[in-house]
Structures are given as structure tokens and as C-alpha cells.
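Both complexes below contain chain A, partnered by chain B and then by chain C.
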Partner chain A sequence: MGATAAIFAKELRVEFRNRQTIVSYLLLAVLILTSFRFAFSTIGEDHTELAAPILWITIFFSGLLSLTPSYKREVDERTKEGLLLAPVEHQSIFLGKLAASLVVVFGLEVVTLVLFFGFFPFAFPDGLALGVILVLGTLGFVILGSILSAIAANLTQAGVMLMVLAIPVLLFTVVLSAVSATSEIFSGGGLSDVDSEWKLLTVFTLVYFAIGYILIDYILEA
Partner chain B sequence: MAGSVLEARNLVKSFGKNRVLKGVDLTILPGERYFLFGPNGAGKTTLVKVLSGLWKADSGEVLLFGEPMERDAEGIRARIGVLSHDPYLYGELTAMENLEFYGQLYGLSDPRTRAKEMLKDVGLYARAHDRVDTFSRGMKQRLGLGRALLHDPDLVFLDEPYTGLDMRASTTLERMVREKSEEGKAFFAITHDLGQGLEMATRAGILSGGKMDTESEAGDWDCFSKRYLDVMGGGR
Partner chain C sequence: MRLYDSSRLLFLLWSAVLVLNGILLAFIIVPRHETMGDVQRIFYFHVASAWIAYVAFGVTFVASIVYMRTKDFKWDNWAVSSAEIGVVFTTLAILTGPMWAKAVWEVYWRWEDLKLLMTLVLWLVFIAYLALRANVPSRRTKATLAAVFSVIGMSCIPLSFAANRIWTQYHPTVIASDQGEIVTEGMLPALIVAVFAMTFLYLALLLMRVGIAQLQDRVDELKTRVGD
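Up next is the complex of A and B:
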């Protein structure tokens, strides 16, 4: 637990001292939302079918961008070997980095939500239902994104490779379920109306976590 | 050999068709300062990575403190230190934060106090709260040495330790290595600098073409130096 906490604290410290990277994630979120606002300039409160795709595309792409540096930085700064030589389980590295990535992505999500409701005239839906779906959807894509980021870290174009690897998998699992549930919520539904979706998102999250936890030994030693 | 801190038998390591290590045998005893020399491409860095457990050998065996790494990887890693070409430091963190972080990874009871001690030892206490990306190459290497010795390891691997070090930093390195080896800690270093290396070594070897060519004890450096020059002059 000590090593996980140390890696978590180190990741956040490094991330927040790299202000350029934090600004770039926020900037991407703002740019995506602005593009949609211009594309759907006549959008009204009743166009709820557009709310979920706009929200998730923004979260998904800015979130994925924030996942790239986590492992890539260790390769670029040549600190990966220092971590691997330390007497800690590779799972601690995975958990520490994952927890830090979740803090960053959830932070991004809060900003994105504020901007989203500022940019678009949608009424605020059931808060509990939206919160549950956002948390489960984010857990799912951050866990899988974190695994793929570790795999892509040794490649020159790690950011592009992460997108190439992550989008096909996440689109048809986490994103599809999250968008479907969020659409229902923006149409006035509550948590009970998205029962199957949140259960499916929970399963994806658990499966991705188990895969990452088991495979991280092989991924880091590759 | 009984009581050895490191014993390698018939190590073989290839990258594709390129066989880099072709059956290396090596034994290091407590308190020894073993320096390995050899031409570029002889396999020295590969050997350090295999011996320290970063890479697996294709065949052969490495025993650290009498045990293979797989038996107790974390226990063995806690007893070894590595100073490589790269000091394994985070540029965004301060010198103190870097050492504290590694202290936490190595499970030290009071990482902050230990980090302060080590910063004083390597002469960087005045820069403790400066970010490492503002340090010179030599300062980073000194801090890297502090990181490698932070947890008081029983066996330390030094891969080209003099690279980028000024005279003051080299003196610090040599002082710390001598002090630690008098306490029974063992050192395995690879370097191109024959003069500096032999001054520090209690035993030395030459690796050439992926094989151990020669080994000598302190006091027999004349023959060793001649052989080294032959190997270097003749290439591989």
C-alpha cells in the first residue's frame, strides 16, 4: 500500500507541475465543446438526443489524451528501470498510476460538465443517475486506457497508438453503454431506467481491472 | 561459491540473431569492488541488466545472495542498488522529493531523514529543494548515486559511474564506494576508464565478444593492463 500511495502522490505531483499538459487536456475539452456548439448552433433544450454524444465524446478524447503521459513519461525520462528495480509489485505501479489518472480525468470531467451546461441549453437531468453513469463509464475507459497506455509507452507515437488501440475497443463497450444510458437520463430517465447499462458498465470495469492487474507484469517487462 | 553475493553461471543473452552474452561466469564476494572493462559492444551493459534482474537471460543462472531472483524478487531487489547511465530521476521533482519517493518505494522507515543524510553525503543538501531538471549532468549523477545507495544495499551495480562527473563528484563517488565496501558492501562496476577503475578495484575482469576474457586481483594490474590494451587494440 505504501508503494501505491507513493506512486500515486508522485504521479500527481509530476502531472500538476507539467502545467502545459493539464492546459492541453482542458483546451481540447473546450475546443471539442466549442466545435459542437458551432455545428449545432440552433440546438434547443428539447434536442436531448445530442446531449449524451457531445458529453461523452468530449470526456473520452480529452480523458484519453491525459492518459498518454503516465507510462510514456517513465520511458522518455528513463525512470522506468528505476521503478522496475525497486522492491515493489508491478501491481502497485499499475494501481498508483491508475488512481492518479482517475483524479486527473474526474477533475477534467467536472470542468467539462460545467462548460457543457454553460455552452448548451440542456436541463440538468437526474443528478444521481448521471453521476453513477459518469463514474462507471470513466472507471471503465480510464482502466482500459491506462493498460493500453502502458502497452503503447515504448512506441514513438504513443499518443496516436493509444487512440488507435483504445477507440475500437472502448467505442463498442464502455462508450456505447455510457452514451445509451446518458441519453436515457437526459430524456428524463432515472437510475432504474438504465439498469442494464450500469450493470454492463460495472462488468466492463471489473473485467478491465482484472485484465490490467494480471497482465501488468508482462506489459511492464516487455 | 558459499557466501558470494552474486554468482552467475554460463549466462547467455541474445537479441534476435545477435548473441551478446556467450556464456559468462562471474562470482562476487562481500566487500569486493569488481570492475569490468571491455570494448564497446562487448556486452557489459547487457550483463549489468541481466545480473540486476532487469532482463532475463536466455539460459544460465544468476544467484543473488544465494537465491535466484524469481524466488524472492522483492526481497532481493531491496538489497541491490543500481547506478546506470541514466540516474532514474524525475526532472519535475526536487532532489529531496526524488530521494523521498525512492525511500518510500524501498520501504524505509523514515525516508525524509534518510534523504537529507544522503543529500549531505553527495554534497547536494544546499540544492535539496531545487527541481532536478535545473541540475547539471554531474549533479544528476551525484543524486543518482544517492538514490542507488539510499537503502544501504548489499550489492551495487555501477554502469559507467564516472560519465559526466567532475573531479569533485568523482572523489565523492570513490569515497562513498570505499566506505561502503569497508562495511562489507559489494560493488560491480563497468567502465572504460582503466586508470580510475583499477585504482578503485579489488578485482577486475575483461569482457570481450560476450565472454569473460581475463580476471585479475589487485596487485596484478600490470599483466591485466597489458591484456586490456591487447583486447582494445585487437578489437573483438
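Up next is the complex of A and C:
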């Protein structure tokens, strides 16, 4: 636990030391939202059914981008060997980095949500239901995204390759369920209306966590 | 080690005979379909290609797990060879499907159909798998990361099966169907021959591709030795 906490603290320190990286994720989120807002104004203002996809596309892409450097910087700065030689389990590295990524992505999400409800004329839906789906969906895509980021760190073009690896496995699982639940919520549904989705998202989160916990040994030693 | 040894040539020859036989049966001997007409003849190639797509990715998945346990490049060679051929056959299935669908469903693709979506996801996962391999310089890293990704990709297939709440079954079910007779008696021989033909073609291609991968490893090994 101590090792996980140490890695978590180190990750956050590195992430916030270099402010330009965190600003670039925020900038991407703002630009995606602005692009959608512009497109939205050209098709008319009453398309509530577009709220969920717009929100999730923004969160998914800016979130995935923020996962890229998590493992990549260890390769770039030649600190990977040091990290692997440290007397800590690979699982602690995975957990520490995952926790730090979650802090960054949740932070991004708060800003995205504020902008989203500021920009778009959508009525604020059931807060509890939206919160639950956002948290579960984010957990799901950040856990698997973090594993894929560990793989992509060893590849040339790590940033693009993370997207290429993540979209086929995440789009039709987590994003699909999250978007369908969020649509339901935006059209007036509560937590009980998205019963099957939040359970499904919980299952995804657990399965991805298990996959990452088992496979991280192979990835870090590759 | 030779690429064209007798067993490989035999497989290739035998699959050529079967493929020709399959074409003959599907296009000439089988009667015209009562309701769908001639467009139905693509069915034999479509089903056989889709079958090989699933078999090939299954082989990649198993070979990847064995590689992760044994760290023997032999298994990585089987995994990548099967994945490459799998992508080709999935592409064939995805191309032949819409030709039939446009005539029968009046649309090329149905996004809400479960089988179509699964096949598309599989195709994308294994294209990403090949892209991953193309982006790693070191042999061992490539093999390990690709094996890990194929395990992740395959584990996501049942999950996307569960996630797709809106799915419906437009796609005809060939085996164990409750929608009545899909395969009538006249069609059965052509279907069996087509499936066997594609299976032997897959095996022949797989053996050749594994042979190439082994030769590549051998060349790399010799290069390192000369370099010393």
C-alpha cells in the first residue's frame, strides 16, 4: 500500500510540475466542446438526444489523451528501469499510476461538465444518476486505457497507437453502455431507469481491473 | 528448412481442388434460390469466410496465451500468421455480406445487428493488433505486447456482446436456427464443400505464413551471429 501511495504521489507531482501537459488536455476538451457547439447551432437547438454522445466523446478523447504520458514518460526519461528495479510489485505501479490518472481525468471531467452545461441549452438532468454513470464509465475506460497506455508506451507513435488500441475495445463496451445510459438520463430518466447499464458498467470495471492486475507483469517486462 | 515442402504443397493443391469444386457447386450446380435469386449464391463464400475468421482469431488467442506462458517465438509466429489470415477472411466476410444484404434487406449494413457488430469489432481489434506489431522494433517486446493485446481484445468480445442492448437478430442463423429452413437440401453439399475448401485454404496459408515467419527468425538469428 505504501508503494502504491508513493507512486501515486510521484505521478501527480510529475503531472502537475509540467503544467503545459495538463493544460493541453483541458484545451482539447474545450476545443472538442466548441466544435460540437458550433455544429449544434447549425442543426437547431432542440436535439437533446445529442447531449450524451457529445459529452462522452469529449470526455473519452480528452481523457484518453491524458493517459498517453502515464507510462510513456518513464520510457522517454529513461526512468523505466529504475522503476522496475525498485522493490515494489508491478501491481503497485499499475495501481499508483491508475489512481493518479483517475484524479486527472475526474478533474478534466469537472471542467468539461461546467463548460458543457454552460455552452449547451440542455436542462440539468437527475444529478445522482448522471454522477453514478459518469463515475462508473470513467472508471471503466481509465482502467483499460491505463493498461493500453502501458502497452503503447513501448510503441513508436504512442499517442496515436493508444487511440488505435483503445477504440475497438472500449467503444463498443464502456462507451456504448455509458452513452445509452446517459441518453436515458438526459431524456428524464433516474437511476432506476438505467439499472442494467450501471450494473453492466460495474462488471466492465471489475473485469478490466482483473485483466490489468494480471497482465501488467507481462507488459512491464516486455 | 524449406518453404515449399511436400506437406505444404499438398495442402495448397488440395485446397485449390476444393475451392474450384466449391465455385462449380455454388455457381452452376446449386439451383437458383426461390426467393432471393442468384444473389443468394454468395452465401457459400460468405459463411465459409466468416467461419475461418472466427477460427483464425481463436487460433491467435490460444497461441498468444501459450506464448505468454512459454516465451517461445514459435507460438508468436502461429499467432501473427493466423491473425493476418483472419483479417483477410474477415474482410471477405464483411465485403460479401453487404452485397447480399443490399439485395435482401435493401441496406448494406445494419448497425443494430449483433452478428454484424461482433464481426466488425473483431476485425477492428485484429487490425489494431497488426498495427501494434508494426510499431514495435524489438522482437521480444513485439511478441509479448501483441499477445497481451490479443488477450485483452478477445476478452472484450463477450463484453461488447453484453453492452449492445439494442441488438436484434436480422442476420440469418445457419446452425441451430429457429427461423425455419435456412439451408435447404440442395444447398447443403455446396455449403459443406465451401466450408472445407476455405478451411484447407486457411491451413495451407497458415503453414506457409508460419514458414515465412520461421525463416525470418532464422535470418535474424544468422545476422546477429555474423554481427558478433
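The rule is short, and it goes like this: the second predicted complex is superposed on the first by the 217 of 222 C-alpha atoms of A that agree within 3 Å, B and C clash if a C-alpha of one lies under 4 Å from a C-alpha of the other, contacts with A are read in each partner's own complex, and residues count from 1 in each chain.
Everything below uses one rule, namely that a residue touches a chain if its C-beta (ideal position, glycine included) is under 8 Å from a C-beta of that chain, and two chains touch if they have at least 3 such contacts.
Here the structure is a predicted model, which means the values were calculated and not measured.
> So, A:23: does it touch chain B (first), chain C (second), both, or neither?
The answer is neither, since A:23 touches no partner chain.
> Using the touch definition from the top, say if A:172 reaches chain B (first), chain C (second), both or neither.
In the superposition, A:172 contacts chain C only.
> For A:211, decide between first (touching chain B), second (touching chain C), both and neither.
In the superposition, A:211 contacts chain C only.
> Among the partners chain B and chain C, which is in contact with a greater number of residues of chain A?
Touching more of chain A: C.
> After superposition on the shared chain, which partner residues are touched by A:151: those of chain B (first), chain C (second), both, or neither?
A:151 sits against chain C, while chain B stays out of touch.
> Can A:13 be said to touch chain B (first), chain C (second), both, or neither?
It touches chain B, and chain C stays clear.
> Chain B touches which residues of chain A in the complex?
Interface residues on chain A, with respect to chain B: 2-3, 5-7, 9-10, 13-14, 17-18, 77-79, 81-89.
> Going by the contact rule set out above, which residues of chain A touch chain C in the complex?
144, 147-148, 151, 154-157, 161, 164-165, 167-170, 172-174, 176-177, 180, 196-197, 200, 203-204, 207, 211, 215, 218-219, 221-222
> What residues of chain C sit close enough to touch chain A in their complex?
It is residues 68, 117, 121, 124-125, 127-128, 131-132, 135-137, 140-141, 144-145, 147-149, 151-153, 155-156, 159-160, 162-166 of chain C that touch chain A.
> Help me check something: in the complex, which residues belonging to chain B touch chain A?
Residues in contact with chain A: 52-54, 73-75, 77-78, 80, 82, 84, 86, 88-93, 97, 101-102, 104-107, 131, 147.
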